[in-house]
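Just passing along the structure, written as structure tokens.
Each chain gets a letter, A, B, C, D and E, in the order it is written, and its residues are counted from 1.
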Amino acid sequence: MLSRFLSNDPPRNKVLAVVLVLLFATLLLTPFLIPGVKALDVAAKILIFVVLAASFDLLLGYTGIVSFAHTMFFGIGAYGVAIASTRMGAGWGALAVGLAAALVVSFVLALAIGLFSLRVRAIFFSMITLAFAAAFQTLASQLSDFTGGEDGLTFKMPEVLSPGFKLSETPFLGVSLDGRLICYYLMFVVALVLFLAMLRIVNSPFGRVLQAIRENEFRAEAIGYRVVVYRTVSSILSALFATMAGAMLSVWLRYNGPDTSLSFEIMMDVLLIVVIGGMGTIYGAAIGSGLFVVAQSYLQDLLKLASEAVAGLPWLAALLSPDRWLLWLGLLFVLSVYYFPTGVVGRLRAMRPPPKPPAPPAATPIKRTPPLQGDFVEN
Amino acid sequence: MKNLDFDWMPLALVPMLAILVLPMIGSGSTWVTLTVAGLAMGMIIFIIASGLTLVFGLMDVLNFGHGVFIALGAFVATSVLGSMGDYTGSSSLWVNLMAVLPAMVVAMLVAGAIGLAFERFIVRPVYGNHLKQILITMGGMIIGEELIKVIWGPLQIPLPLPEGMRGSIYLGDAAIEKYRLLAVIVGLAVFGGLLWTLTRTKIGLLIRAGVQDREMVESLGYRIKTLFIGVFVVGSALAGLGGVMWGLYQQNVIPQMGAQVNVLIFIVLIIGGLGSTTGALVGALLVGLMANYTGFLAPKAALFSNIALMMAILLWRPQGVYALNK
Amino acid sequence: MNANLLELKGVQTHIGAYHILHGVNLAVPRGQLTMLLGRNGAGKTTTLRTIMGLWKASQGSVTLNGQDITQAATPQIAGLGVAYVPETMGIFADLTVKENMLLAARAARTAQQIDEKRLQWIFSLFPAVEKFWNHPAGKLSGGQKQMLAVSRAIVEPRELLIVDEPSKGLAPAIINNMIDAFAQLKASGVTILLVEQNINFAKRLGDTVAVMDNGIVVHAGSMKQLADDEELQHSLLGLAL
Amino acid sequence: MKLATQDLTIRFGGHVAVNGVTCSFEPGTLTAIVGPNGAGKTTYFNLISGQLKASAGTVTLDGRDLSGASASQRTRAGLGRAFQLTNLFPRLTVLENIRLAVQAARSGSHRHGLNLWSVWSDHRDLTERAEEILEAVAMKDKEDELVASLPHGDQRKLEVALLMALDPGVFMFDEPTAGMNAAEAPVILNLIRKLKADKSKTILLVEHKMDVVRELADRIIVLHNGTLVADGEPAAVIASPIVQEAYLGIAPEKQKEAA
Amino acid sequence: QAGKEIKIAHIYSRTGPLEAYGKQTQTGLMMGLEYATGGTMMVNGRKITLIEKDDQGKPDLGKSLLATAYSDDKVDLAIGPTSSGVALAMLPVAEEYKKVLLVEPAVADSITGERWNKYIFRTGRSSSQDAISNAVTVDQPGTVVATLAQDYAFGRDGVKAFKDAISKSKVVHEEYLPQNTTDFTAGFQRIVDKMKDQPGRKVIFVIWAGANPPFAKLADLDLKKRFGIEVATGGNILPAMVPFNNFPGMEGAAYYYYGFSKNQANLWLVTNHYTRFKSPPDFFTAGGFSAAMAVVEALKKTKGDTNTDKLITSMEGLTFDTPKGPMTFRKEDHQAMQSMYHFRVAPGARPGAMADLHLVKEIKPTEMNVPIRNKR
């Protein structure tokens, strides 16, 4: 039964399974386990990034397309909800209209980009998307009448999802049952459903063909798959999921601006999450998001403690200054590509015992999945 | 090389574009100002992009961290020039060069040295894998930028142009900044040097072969590792030089300047055909001109002029103007 | 001076977590042509790569001319006078045939400096190399690439020539040329280590022979002895030559 | 299926790699294509299977003109092809490689086409068929290994197995046994023999090993400098002076058995 | 309540693009608290604790940090942030938690304009104050003006406010360039084409935020000599004003320059800043200092009571001392009314050196008619 939910793609490793269950349980119970606004914010951000990173994994890990324009779709989702809620006033109607419009825009753009990607070399494509994403962000801030420019948009959500709304006056297990809580659980359910849907897609026959295309596009075409169609469908799907993640972001923050949903930094975060978690595994997106968002949110606090501890050594203290948290994030970045080329999931899965006893006595290969290598960009 | 029948079309694009816009601009002096400024700007862009072209074209390494070396070069220049106030303060160009040249040399040395470490610790493990290159060099970029902040502080630092290089030369109503002329000279020198090394020596060949099959080149008896390091160091040094040129042009430097020019450089490289030196030059000149022409004719569109140019070129030649044999 | 130019003693090689060679002992006598035979996956290619330093032996030793090269870097080994034609040919697809040859000629700095006589000799053996001199090597046909790969290895004189399945994909006429080439090289004193599946090749050229299976050398001796002993052939190679 | 080419030609710059080849291939026959290196054999295959676009001429399959069709369309129409240089999905397992081909073969029916929502592992039929094929090439024991770690010979076998899995009407083999051990090659040759026995399949084989050609071929065509220079019974073609000289490299005076 | 500490959150860009600004504010804030409490950090027996938070210049993060500060850290009031975008995102949070947010130094007019709520106060200057004071320096009869600004909300709003504020001169051309422009040739050429044949005094008024201002390039063109075109602009942080030296004699209006004000607070600030940091205090240091003085003054007035309503009542109309002289929170929109400075770049200024500004005139709050834009 559970296996069906997971589309017969179970974690395949005990530790991994435990980690995933822990993550699931923590996210489910965050409001009760760790009280406070910050914890809930962090948990919600994890939920959003799980969806966003998984959608990117669909593109990167499964289809082998490196696009830096992914946050563009994230932004479209966020702006869809933001603009609709600003113009139409708070309400479910605005949410629905905003999301629908965003999905349509994303669909069209993703289709265009998907078709364009076939004309140019893969590596060009990555760099072009980089330029595109930058231009799109500028565009968003230029159309200030519409998007609120650099300052962004602040808006309200339907009453039930607002902090002001109280389900009951008496707190439950010490947690006040307000609109924030309802909003969080709404996000939780949506994220879970989207995540399982993506897991299903990559484990469908379609998903396998994507992997084949990633591995050897030429041969996939030669055995009869219309690579163009598969690629484009995959780009569109991934864009739509990203759009939904963007909508979630808007619902949660009740704010959106160019830096919040379109910045290159988010793109980097997503890349890093997918890499840390393990490309081409979907589960990696969940674990990566959990690790990364927590690290990002508490890194500065941690560094503060560390730099106070080494206050005697000014040189080290300067490096450990909380202001230089990006330095450490960058280091994390490099080290994870260095030491975790297959990500956490890849590492854990590689630890599983050999599937079969070694065949001939002379050649005794300890079979283990070699790290994913080769070039996703080219091919 | 294969330039038996050299393809002149892309090079011809540059004058073609300039002639095409002449009637649109109308005033001759304005056209001269814009064209000369655009070409010179193109040269500056070429200088900052040349290192990356080299590294990408020869080693197939997509260094997203290239910008760090540009910023580094610029910051080193602030330190060097800052300590040579007597030379920069003079209004004689030659005395100024006494300060600027050492600044360039030091910047190139420092950038080259850091490039050595960058190659060793960041790039070497990911040769042959573009995705990992992108990821790890991005990480390197973040680290580099933060380290610059640790050393020089997060503030912008002024990098004033030496006295003698300020001001403009006037041709009737048309004004041409002196500094841009200097940039043209430096740019041509870089271009000539690169072209010579790549086409007239075996080194270029060897490295191109090394990208395709490293093991085979080693089996033929060449120390490809050393060569790769060398190329990377030269590429970084060129970025350092570009940083000095760019910093002096902007007259102030910020730690983020590397990241800021990254997209621009990429556009130039794509137009040029990723790794072709001549292509990068053509790309840079086109970008420089386009920015000025659209900036004058339709400023609203200027923002997207680079991207539009890139798309147009790719529709014409999907591999860029001078595609390497791939 | 040792009679064997190249000697492998108890060489073990791992590729990642896989243990491929389990103690290879192999002697390549100076001035002779040694055939290395064995079924697919026996470890022939791995042995050659280990000799070239492309994979490092975890145990055992490789000596060339009495010098231990077990841990030497590939360029260094090549510098000692070893030419290698890998199984995958290692053609630089983006470079022209000429440039491919120029790179193989270490002493030459331009194509004009390649030894003209030797070049003509190569052209006579492998006409395609001359015909496509200025073409990108990637556009050559499978067999033409194979010719180029061998041509590169012999463009300058080397003491030891290591070749991995040179005849695969070649037309019979060209195979004959190649056999001639190796015979002429041998006559000029070059030591050759050859991996082949082509029986004619083995029979017509081999002086000594070693047969591998499962990562070790299971038989070593003279070619003549193996050629004459059909039973041995059956037990070692699963067929008669 | 009946395959035919009419005046098939391709030029690379000034070089005519395949020059006006007109030829047709009947079901139930195995045609061997021989010729010196660079004669245009692989290029001819590329033109038929759609990897290259012809400068002139047509390719028809059972009378249907495929000249404008893409490679994947031609495969779906029933043209199957194995490559001279191994061309597989290196980081998937052996089984997965074959299963993908089986799935491709069946993607005509809606069940396996753009199927986004069913679970891959539920398609038992695909797995079973794939395992059957692996059995046939004696590679069942290696089904969980990554293709990248297989020795060269096994990769060649897999290349052929992939074609079997596609089960096309026309089989095109480009030197299927190159680099394969003499002890292993029979597995492949037996497979080809079995296909031949089927009588409904059209088989094209490029091969340099004359003993193999002699044994399997019903007919031989010879390409030389891109042109079709001989066509007919194996014995007659092999004996023809052009083959003896240009291909086998035997001077006319001492014509004796080579190979 | 007495004895319990007073918790104040300072949310600013410790990192991110505005790091340099944010850090100045923090320094100023700490020095201001020290100065205002006579070094005790106590008001009415209650100790002031400052909690610092880094918004990294990200509005979403700022919003969440402010909520955390109000709810998890239980601060009594918050100060910040550096960027306008972050501030605008924060405004509703103050309303939600019914706690005071003292905005410093974000400038957007809408903070005390249409997006304002009653929990919002601002010690920093608003865009209007900037524009109006600048207009004073340029606005003379017979002057024609071309504006040069970045093409985004900040630039366009700035130009609009400037145009609203001038009455005697005329804007003949508005040039907007992309935010990250590096090559100004085309833009300059357009301005020159428009201006060169105009009669009277000709001024290019520049509104430019960020690191690559056009001043040095403008200077290279020698416009004054060739076409009689002058350049004017507003003040900035010290490193950003280095290029001003290209234009000896250039005029404009500044928010703060360490040498301009001679009051007690500023003297203390300048001396102490010099001794501690070997450099003069800058723009945002003064801002942070002022914010601290406002808070302490308000708390003194409530006798240390941090009840939000009491704080608001005490702050409305409150006049407090700052390094820029007295400021007053206007009742209507809680904007601090303050002096600005009409400056002139020293005639002998040398390019590349630190900006050397001379005070022309202090523009008193009464001389600026700053419109009230909020709906109360």
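Here, a contact is a pair of C-beta atoms (placed from the backbone, for glycine too) under 8 Å apart; a residue touches a chain by one contact, two chains touch by 3 or more.
Keep in mind that this is a model prediction, so the values were computed, not measured.
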Number of steps on the shortest touching-chain route linking chain C and chain E: 2
Furthest chain, CA centroid comparison against chain A: C
Label of the chain whose CA centroid is most distant from the centroid of chain D: E
Chain centre separation in whole Å, for chain C relative to chain A (CA means): 50
Between chain D and chain B, distance of the C-alpha-averaged centres to the nearest whole Å: 49
Gap in Å, rounded to a whole number, between the CA centres of chain D and chain C: 29
Chain A and chain D: spacing of chain centres that average the CA atoms, whole Å: 44
Chain B: positions in contact with at least two other chains: 149, 154, 303, 326
Set of chain C residues in contact with two or more other chains: 18
Chain E: positions in contact with at least two other chains: 19, 151, 178
Chain D-facing residues of chain A, complex: 4, 7-8, 200-201, 203-209, 211-212, 215-216, 218-227, 229-230, 233, 237, 355-356, 359, 367, 369-370, 372-374
Complex contacts: residues of chain E adjacent to chain A: 14-15, 19, 54, 57-60, 63-64, 67-68, 71-72, 84-85, 88-89, 91-92, 96, 108, 110, 115, 151-154, 156, 178-179
Touching residues (chain side chain E, partner chain B) in the complex: 17, 19-20, 23, 151, 175-178, 180, 182-183, 185-187, 189-190, 193, 211-212, 216-217, 219-222, 226, 239-240, 242-243, 350-352
Chain E partner contacts - residues on chain B that touch it in the complex: 27, 30, 33-34, 37-38, 41, 88-89, 149, 154-158, 160-161, 163, 166-168, 170, 175, 177-179, 249-252, 254, 256-257, 260, 288, 291-296, 299-300, 302-303
Contacting residues of chain D [partner chain A, same complex]: 49, 51, 70-72, 75-76, 81, 83, 87-92, 96, 99-101, 103-105, 107, 112, 114-123, 141, 144-146, 148-149, 162, 166
